[in-house]
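Please go over the structures that come below.
Look for chain A in each of the two complexes below; its partner is chain B in the first and chain C in the second.
Showing the complex of A and B:
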């Protein structure tokens, strides 16, 4: 019968060949289309995973900062916690610029003979700028002496620039606009390679977010600043939400600088704080195209933005404390300040930090989270008033100037309406995202700025007689995306942002016709050889790794949620219940049912999911932490980013070490923030475990290392970079031979 | 594999033979009853009424393989882009030019610019096991 069958097969093949061919073709078509659809779906949810986690990280950062700010304003003076963190709020240190220049002086720094990096002489020439790019391409590092010098010159220049740059495409010059770079030097080099370096004929606008996440943030800054110094009328820099020292604490820039510049890193960071605050807020091209980092809101007013003192906003996350409440002058008179404050900076600092602010003044939505803490932090109003009276008289006794009136007034750290308005303008500019729906709502996902709709764009463009908004701030798969009827263009220049192969980068060229011409690229030669399926697969695997971490970090909450569906305590739940429970805890809006097969491999015989078993399957924690309480461990793990940020804040001299006492205080802080009880005993045990050499101080990195998560599924053990929370660092680690 | 699992009630990598038709349809294949019969005959475990995953997958792959072989009239083992284009854009629900370009870019061998369908099938038919 075998022969017969074969023959009939062949017979079918030959005689019905025409018919078979059609059917074969149809089948192939169907298969292929299905495959493409599946791949696209996977790509989308992978993207969604990364983006959700990225934004919730930003939100966490803002919440943390708000919390610390609240503590600052409302703690009684005897609080130790406040002293620990007060230094990051010393935003407006009153100091004459001359004093700052002394602090940042590079002249005493010697450059050793063996230094093989570039030597800079000022004023900078274009050959030196180009040389700098080459040096960085060859992985050299610029010596701190030159770095400081370059930064100082940059600072001087930026102070002369207006809040809003106005440029034109005259003489048929094409302007090149780049989006977020996020420390990815390879992308900047690629742009320069494809498009040429900045020059008189080739003006550039860089639209913020030069730093954080990538590993060469400082190099990018130095290159951009170098070209800015050489071609001040052809290089324009806009501030991004990551040009902010508070954000840098969490997202890696602070760490990068301190690691690369061990001796002078702290000074460099301080100088950068000032530079960031002096970066212009936006650029307008030919009075028709507005380029800014985040976006707009329904209240954005370019005139107001042009008028305000942008350098008061060292961090966009916190409004400045206005010192002079006198109606006439609102800007700070530096001479007056010097006389009044110069001798007694200590008084000024402590005073402005101790006075309680009425809670009512903080009514912006992103401060809503602060209200949670009000009942837990007791502020003794009577005591405060008494202290205030005592301070004032003490201060008056010391002061010789009859400026006491203004001095007293300025003790009130109440924000004027003006300051709040200006702050909101800047926050919206740097943090907002466009949405498809009309209207304008607060951006709760990120925690700052708002979501604005096409109607807002329309009104705004009409009001200011503009025709296009070019912004960045959001990663896009193709490197760019139009929206709002092609009136808003999002531009993102960091390719492979989430992972190798995740997205392309793009830059835009704008000629006198003001029609944007987009150029896309993707760094890394590896990409070209991967098929679409392969690169999606890789990114997907990274995303799933990150997602598993997140799930594991929320173990207790998840178990609680599962128990709600499992009233009889059988230890299993159905697939649907599993999906509902997970979404209710994670709030990531992901297709859990679809992801289930990637996340849970074992099912019971009835098709149910054993959730305890699942957690075992997910991951195990590293060996060092056996003697630490499990729930404490989980909390530590979940909030490791926040924890590390707090540590770095507490580590005032940026040494990488904190004392045991500070460590305990930090824990108390964290327990208040997380609304959980951590007993002194538990903290002491923890401290003892961590301080392995028993010298009374704790190595921050060592501490974070103790909570490495070992994913059973991956052969590679992930290290410290995991704490930065994105897969980008993970894959970068994998390729790094030094780790 | 995912489709298979959906019907794999006992979680032992087998499905009831009566479900095979549904599974195959869900994967976008619409064989005739006769073909379906033949297919089942090939993969069923000794008339047990069950089909094991290990036999199912290669069989599905084989079905797709046969399709390509039909189109490959000269039995070369590969298809020229023009050949594939002709079928994809003229028969059944024709591909758009964009779809065709995408398919060729994705599936064609970079150097020789032909489609080695045997390799391609492994990509198309089976979802990667994470």
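Showing the complex of A and C:
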């Protein structure tokens, strides 16, 4: 910097020019610093938006599952409605594993000549595993025969593993730990490229959430399982909350498998259900570092976790049923067992003291239709929630939050205390998040698990003689984050998770000194060329688009809320009232006042907002919908994910099509769930619009596509030149249909 | 997203405190009590609260920010004070105080108000005129290298990575910058 000093002296000497130069410099510096601060602000609230929406989606999923479970417990055993959804609760698979192996048999599946993907022979070799990675990198798909075979071998292996893996670093080995991958193959390939593939010298721990959201979930699973088979002592997998078929219904994995494996997808999914339930729950390294997916609670007990039968918990969202002593083993596809089961359960329920009797005497169970249920259920859902609330407050010793009506998973008295306890342990392990305050409270944002504080960490580590917890489950901007006095490390390995440029991914290397060494990365070279401003801007636009759609989908409720502030019906509200009203409807806990300038551009001269006008300004357009009731449309937009999830549940043969009759039943289910009236006529109109070829069946994907919201605004913004990037950057990004 | 009490993702590094420029005449001590906080525009008031909350990184959401964050917050709200001005309204704190001393919302408001009143905001013309100083050939461009140098050595110096971030993609093939376009670019944020 020597010459620099001279130069500024030079400026000082020629003071006239010097002063104006300095003034210019200061001006630019001021503006730059303002720009940096504003960018940071935008980045933060953009992050809030994405995270809020993500977590509220998870909560919605749990609400839905609760609801379905409730219906299951109350439907007539052999009713059509029950059959619609009963199969996802088919947890009474108590037949022997040998029978299952027959069902999953791949041997009769022929591989055609034209198949250009990899051929696998077992026992698998490392060359084949590496070849599999290469094949997937080249966008090949593994044939269902080999996929099933690989999964079967994996299942066999997993059954022999303990609930908690215990591994050690030898003086020459470093263990690599990866967090959530969520179907993002590019990130896994990047990790392997930077760090090398798993081997005897390179052990790996993968900490759950391998699937959902990304588009290559099955490929990631196949790669991880292949390496697990080749190096069983050097590859460790922990179960995540997304290794769960109920969650998969909503978040895309089920759809992905059924799309890629049209003929055998259903079998693959069934086998994966078992594999997921057999995935170990945690890994301990050198008896000092605990690696698990979600976290802990104040009652987490590693000894209990080590003892339980983890494979009983097919889905973490529902505890296993109490085993009925008299039930004999049956074939897996029979509904008869279901009916026996159902009747017994209802009988048990009647004997329960704490649970209300929703349906009266057993004799009048027959011929109950969904419509008959709806009135009763409307009442009962309320009482149900009240009971849960009371139970929850009794259950939780520490409750700092005021009790609110939220969705948390229920404890039915049908289940044994033992099962309840075990289930809660697993739930906490897979769904919990750390918080800054001390104590332990239920995780109401996600709907499962809890929030645990630094004191809980301290006690837990002392009790089990550990020094560090490594977990995942939460997206972090830098790919990782320490908390609780650096005793808890969150690790997230899916970069660009919310959107291109939103976050980096990271993995951790742990040597014998057990000091975590973090490596960060970000997939996609396009990102590296973007300036900070461009990537923040892009993510922000994306978040705002999602937010606008959400707002639009709640139009009626919002207008109701606005009217409360506008007693004289002038059609305008103050900005402050606007923000309060929006939060009261959306419950996303976002800084609405800050977002206001992005969401509302038109104000009256007095600084008020014309709320009817505002909805026009949101510029969201739906499909041509003249003949469809507006409030029905809004329901569709708002509950798109739930509706799609229900469709996929109803589509029992996983064909992607449901019959008109099932379609109607689905709507009735939804109307009960949402407690709103949907007339038969409205449903028929809807069906007619969708079933364009009038063949009596509806393509689920087409249906959902038809009701996708289009954000006109972002299209307009695309035309504006928003960055001074190079022309090639511009065209690359503008061509992205996701913008 | 968890309730606001949850830890937020890591923030950007706050701007390091800069010593006041020697050329500036001595200004009287800043007395926050002398500032009357105007309440006539209540909605702006609560705007700040949202922003303040976004910057609040206390574990129990006490609605407090550190001295070091004060400048960032004021800038995020649309002002562009110099570092010297910030230090002045904070009462010229020592370097070690920047990370430890806290401000709550009521203490922040008069500070912010004071900054808002400052007249010398810098217009487009001021900028352009300032940059014209470095336009050796009088053709509307400056050398990128020279501008980088100036920003890193004069005034309230910027760090190399900050300069890089600002100048990214601004220079043409000859390393020149059209400064009118550059100023538009900066002011457009």
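Everything that follows uses one rule, which is that the second predicted complex is superposed on the first by the 591 of 739 C-alpha atoms of A that agree within 3 Å, B and C clash if a C-alpha of one lies under 4 Å from a C-alpha of the other, contacts with A are read in each partner's own complex, and residues count from 1 in each chain.
Here is the rule we use: a residue touches a chain if its C-beta (ideal position, glycine included) is under 8 Å from a C-beta of that chain, and two chains touch if they have at least 3 such contacts.
Here the structure is a predicted model, which means the values were calculated and not measured.
Student: Look at A:32 in the shared chain and tell me whether it touches chain B only, chain C only, both, or neither; answer first, second, both or neither.
Tutor: It touches chain B and chain C both.
Student: Is it chain B or chain C that touches the larger share of residues in chain A?
Tutor: Counting contacted residues of chain A, the larger count belongs to C.
Student: Could you look at A:40 and tell me whether it touches chain B, chain C, both or neither (first, second, both, neither)?
Tutor: In the superposition, A:40 contacts chain C only.
Student: Tell me which partner A:195 touches in the superposition: chain B (first), chain C (second), both or neither.
Tutor: Once the two structures are laid over each other on A, A:195 reaches no partner at all.
Student: Once the structures are superposed on A, label A:24 by its partner contacts, choosing first (chain B), second (chain C), both or neither.
Tutor: After superposition on chain A, A:24 lies in contact with both partners, chain B and chain C.
Student: Could you tell me if A:476 is touching chain B, chain C, both of them or neither one (first, second, both, neither)?
Tutor: second
Student: In the overlay, answer first, second, both or neither for which of chain B and chain C A:544 touches.
Tutor: first
Student: Quick one: is A:607 in contact with chain B, with chain C, with both, or with neither? Answer first, second, both or neither.
Tutor: Both chain B and chain C are touched by A:607.
Student: Between chain B (first) and chain C (second), which, if any, makes contact with A:659: first, second, both or neither?
Tutor: Neither chain B nor chain C is touched by A:659.
Student: Looking at A:141, would you say it contacts chain B, chain C, both, or neither? Reply first, second, both or neither.
Tutor: Touch status of A:141: no partner.
Student: I'd like to check the shared interface: which positions of chain A are touched by both chain B and chain C across the two complexes?
Tutor: Shared contact residues on chain A (touching chain B in one complex, chain C in the other): 17, 20-36, 38, 531-533, 607.
Student: Taking the complex as given, what residues does chain A use to touch chain C?
Tutor: 1, 4-5, 7-8, 11, 17, 19-41, 44-45, 47-48, 51-52, 55, 401, 433-437, 445, 451, 476-478, 481, 483, 531-533, 574-576, 579, 588-589, 591-594, 596, 607, 723-726
Student: Name, in rising order, each residue of chain B that touches chain A in their complex.
Tutor: Chain B residues touching chain A: 2, 5, 9-11, 27-30, 63-64, 66-68, 70-71, 87-88, 90-93, 95, 99, 102-103, 106, 123-125, 127-128, 130.
Student: Taking the touch rule as given, give the residues of chain C at its contact with chain A in the complex, in rising order.
Tutor: Where chain C meets chain A, its residues are 1-12, 15, 21, 23, 41-43, 46-47, 49-51, 53-54, 59-60, 71-76, 78-83, 122, 126-127, 129-131, 133-134, 149-158, 162, 165-166, 168-170, 181, 185-187, 189.
Student: Can you list the chain A residues touching chain B in their complex?
Tutor: Answer in residue numbers: 13, 17, 20-36, 38, 531-533, 537, 540-541, 544, 597-598, 603-605, 607.
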